[in-house]
Amino acid sequence: MTHQHNKAVFDRRQILRGAAILGAGAAAAACAGPGTVRGGSRGPASQASAPAPIGTAKVSGDLSFAHWRAEDKAVFDKIIGDFAKANPGATVRQDISPSNDYQSTALQKIKGGAIGDAFTAFRGAQFVDMAKAGLFLDLSAQTFADSYLPKMARGGKDVNGRQLGLPYQLVFNMPIFNVDLFEKAGVSETPRDWDGFLDLCERLKGRGVVPLAWPGGEPANAGQLFNSMVMNNQPSDTSCADIESGKANVTDDWFLATLRQYAQLRPYVEPNATGTASEPLQQMFATGKAAMLATGSFHMSPIRKLGAKFPIDLIAPITVAADNAKYVGIHNATFILGVNAASKKQEAALRFLDFLSTPEVASVYANGTGQHLTLTGVEYTNRDLKATEPWLTKNTLLAPRFQFNDLDLRAAVENACTEVLGGKEPEQAAEAAQRIVAQRRRS
Amino acid sequence: MLYNLTRRGVLFVYALLVIVPLVVVVAGSFKSTPELFASPFGPPSSLDAKNYATVLGGEGLGLAFRNSAIVTGLSVPLTLFIGSLASYGISRIPGWRGGLIFGFLVLGMAVPAQANMIPQYVLFDLLGLTNSLVGLVLINIVVTLPIAVFIMTGFLKTLPREMYEATAIDGSGPWRTYRSIVLPLSVPSLAATAIFLFVMHWNDLLYPLLFIQEPAKQTLPVALLSFQGEFLTDFPLLFTGVVVASAPIVIAYVFLQRYFVAGITAGSVKG
Amino acid sequence: MTLTPQATQTRPDEVDQTGRAPRARAGLGRRRPSRINRPHPALFLFPLPALALYIVFFAMPTFEAVRYAITDWDGFSPDYNNVGLSNFTTIATADNLFRNALFNNIKFMLVVVVFQTLLSLVLAVFLVKNTRSSVFLRSVYFFPTILSSVSVAFIWKFVYDPNYGLANTVLGAVGLDGLQSAFLGDDSKAIYFVAATQVWFHVGQMMVIYVAGLQQIPAELYESAEVDGATRWQLFRHVTWPMVAPATAIVIAYTTVQSFKAFDLILGLGGNPPKPSLDILSTRIYAGFANSEFGYAAAESIVFMFVIALVTWLQRRAVRVSQGSA
């Protein structure tokens, strides 16, 4: 039929034209040498000395505070209200992006200066990239930086030791557990070694609850357990960074041993664990059907909102013998506060950060959102924060999974663990992961 | 007979597949999170409209709704207009030139948004069009022109040549032909394209997410995302947002569909 | 009444003013070049607004991206190196993640195209009459398209949850326990479940196109075939199927491109970045940006575009071959 034939002619031509155009474009592009980048006129991170500390003068102006925690909006609104009262004429607008998108696009948006006079960064890859891009104003000389626990503040320093950001939140990326269920299972103190942990799981299983609810269906949260599983197995505290740099491999003995321990957990996670996300598991935990939730302290507050009344505490599986255990838990200092070096309202932004760093305001934030903070002098009135306060001084390791700067590499390593828990053979999973790790290393 | 049975069976099962999840969503908007998980299918224990108050209230979707309406209300007609002009030109320019323009425009369909989103962001930033609804309208038009042209040219090609030749003899120029003959005849394809564009523009997530920084200028899909926090999703609240966001479009579709069907039967050219 | 090919015969009213007969047709189906068919100059103005917008805001940024594909730019540093074609060679030979995403995408696309096309056609055929029940059902089936991808992802995340979700609950209730599964947790099948969601999402849209196409088929064609004693299947195969060929072409092409771009749905169901069983090309590229590998991601986009073009072209050939027999 005529129509069909005309169309046929069209298509061949259309493809050829398209190819020609693309080809011409590519040729033209190839002729352009390496060169300038339009837009980002910001040079490498300035080497000038840090700006002088702000005084106590009141500030005014409209600030943009960019972050990703939608669940904190209400608390921040209150804090901003107080800030505005203390600084008449100052307003702060929260520019919140969903956390995954914040990770991917915040750098570009903040670099342009449209948002984020004050902003936050995830610990790890995002902080490193933003530092490289020169986003941060050097805070080394600011007095409010002294309010932060030095151990925690380290997470905001760049390779040259300059304090570019201040990690605000302190989370414990280790499983939370239902204290009542443990007691009912006859366990009065948390196990100190691997056999003890497995025994605990057996007992809980015997009582008809899911011992360890693990969100295998959600890569972001499935990897939280990774932290506890490697903290004592790894030969050095920087083993994850070593995997990324090539000094260590996923196929090393210690990692294979970790994978085998994952395999031993298979009977103790909920059925179809690899397909489960964290919300249903929060439900399971809150209603007492699961004894442990393999995510972190950040879920304590949501669990309470779901109506759970039992006491909650933190636990980390100790994967080695009791006296070989270097660490008893995992912490992470994240939500790194920073001031935009390109901002025209730096003084106001600094004042805002200063405000957030005062013990009174920090306490409001901590108790309102159910999180620990990295500041000294914070008063925890929230029931769960008080119960887990001892962990602030215990021997915990900074979460190793955030040593990975390459997100694909991290995903590959954590995915090996997920697959093993799901039934794959440790050696196979390690090999598959190693292939990807090797490929990603070249970049 | 077998055919009727099969027909009813398929229609019934598929209708269930569509309706059941949606009923769960609507019912879920009245439940609390524990209740939702405990009995997803059951009716809500109380018609507590607390979630609706949150969603429709000051912090809720009202503003985002208005923004979506403005952006879509502008970008759909503009895309239709510019696209139909182009389609008409393409279908009437004979030989390789028409094919070239068609191919060039339609090739855009194959380009993933991820490929040029960063250069586009930089360009829009340069022009001061980021964080503005006008910028969104513009990028919507540009990104959906390929598919609009594709569909409309496809339909225009089915119009018989005698019609054009008859008008050419009349002496009317292409603009007259377009306005008085082609446009009325292409109402079905315009309507079909309009529905496509409407849905695409209304639900676009990537560009509003990328371009809009101020919450006051967010569109609906982005606002919906804010119901998902870093570690917790409030499903009932999210479902409420879904219901509120969708209800008007459904109503619009029901009415639009009437016109659409009428347009087809009234405007088709019999062979 | 069958459709006659256009302009098979010289018609008296097409003899032009000088009295000369138009030049003979050059081959099958080609338009007769004659003065009447020469384009009016104003016609070139019609595509102009579209082209102007498109070139400035679409084509140029795409070329920018192409330009970066031969560099190792990370997306924010002020300088970068020209690495020639090494990004492309890496993609072709040393990137398991890309290859995995490619295979996932192809599996996804095939399932979606086949099932979405067939189901939308079947539904359109069942509901082609404009009775009240048909119009109502059409609205029902169209409804999912209206939802935003975020909504659909969350709904189906809830459906597919193995412990509380609708799917396993329903399967258990009707006694099909054997079919219960981890759904998205099943590495080998996860992509197919997402494909099912995609079909659910867009089948209504394609059905609308098919209904439009079906309603343009003249009733006389069916009547005369029925008089000849054709069965329902024969009617479909020899009247309906060839006559909706343009609609089929549109549906298949659009569904293909749509399935290559199914970005929000994958992120919603598979996480950001998605787990390997659900990673597709568009999410792979996005992950490249998130990883500050803009040059490499740009190179991946180029490959992506070629894959889409290739697949679309192959499909059009396949459709044409199947139409050729009609």
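To keep things simple, chains are lettered A, B and C as they appear, and every chain counts its residues starting from 1.
As a convention for this text, a contact is a pair of C-beta atoms (placed from the backbone, for glycine too) under 8 Å apart; a residue touches a chain by one contact, two chains touch by 3 or more.
Note that the coordinates shown come from a computational prediction; the quantities given were computed from them, not determined experimentally.
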{"item": "Labels of chains that are neighbours to chain A and to chain B", "value": "C"}
{"item": "Chain pair, most C-beta pairs within the contact cut-off", "value": "B-C"}
{"item": "Rounded Å distance, chain A centre to chain C centre (Cα mean)", "value": "37"}
{"item": "Geometric centre distance via CA averages, chain C-chain B, whole Å", "value": "15"}
{"item": "Chain B residues counted as touching two or more neighbouring chains", "value": "37, 104, 107, 118, 157-158, 225, 228, 233, 235"}
{"item": "Sequence positions of chain A contacting 2 or more other chains", "value": "3, 6-7, 15, 18, 101, 105, 108, 280, 283"}
{"item": "Shared-contact residues (touching 2 or more other chains) in chain C", "value": "3, 6, 62, 75, 164-165, 246, 249, 286, 289, 305, 309"}
{"item": "Touching residues on chain C, where the partner in the complex is chain B", "value": "1, 3, 6-7, 13-14, 31, 33, 36-40, 42-47, 49-51, 53-54, 57-62, 64-65, 75, 119, 122-123, 126-127, 130, 135, 137-151, 154-156, 158-159, 164-166, 169, 200, 205, 208-209, 212, 215-216, 218, 232, 246, 249-250, 253-254, 257, 260-261, 263-264, 281-282, 285-286, 289, 294, 297-298, 301-302, 304-305, 308-309, 312"}
{"item": "Contact footprint of chain C on chain A as seen in their complex", "value": "1-8, 11, 15, 18-19, 22, 25-26, 28-30, 32-34, 36-37, 40-44, 100-101, 103-105, 107-108, 111, 125, 129, 132-133, 216-220, 270-277, 280, 283-284, 406-408, 411-412, 415, 418-419, 422, 435-436, 439, 442-443"}
{"item": "Chain A partner contacts - residues on chain C that touch it in the complex", "value": "3, 5-6, 28-29, 62-63, 66-67, 69-71, 73-82, 90, 94-97, 157, 160-165, 181-187, 245-246, 249, 267, 271-276, 286-287, 289-293, 296, 305, 309, 313, 316, 320, 323-324"}
{"item": "Of chain B, residues touching chain A in the complex", "value": "33-34, 37, 96, 99-100, 102-104, 106-107, 118, 121-122, 125-126, 130-131, 157-158, 209-210, 213-215, 225-233, 235"}
{"item": "Interfacial residue positions of chain B with respect to chain C in the complex", "value": "3, 7, 10-11, 14-15, 17-22, 24-25, 37, 40-41, 82-83, 85-86, 88-90, 92-94, 97, 101, 104-105, 107-116, 118-120, 123, 138-139, 141-143, 145-147, 149-151, 154-155, 157-158, 160-162, 165, 168-169, 173-175, 178, 188, 192, 195-196, 199, 202-203, 205-206, 220-221, 224-225, 228, 233, 235, 238-239, 241-242, 245-246, 249-250, 253-254, 257, 260-261, 264-265, 268, 270-271"}
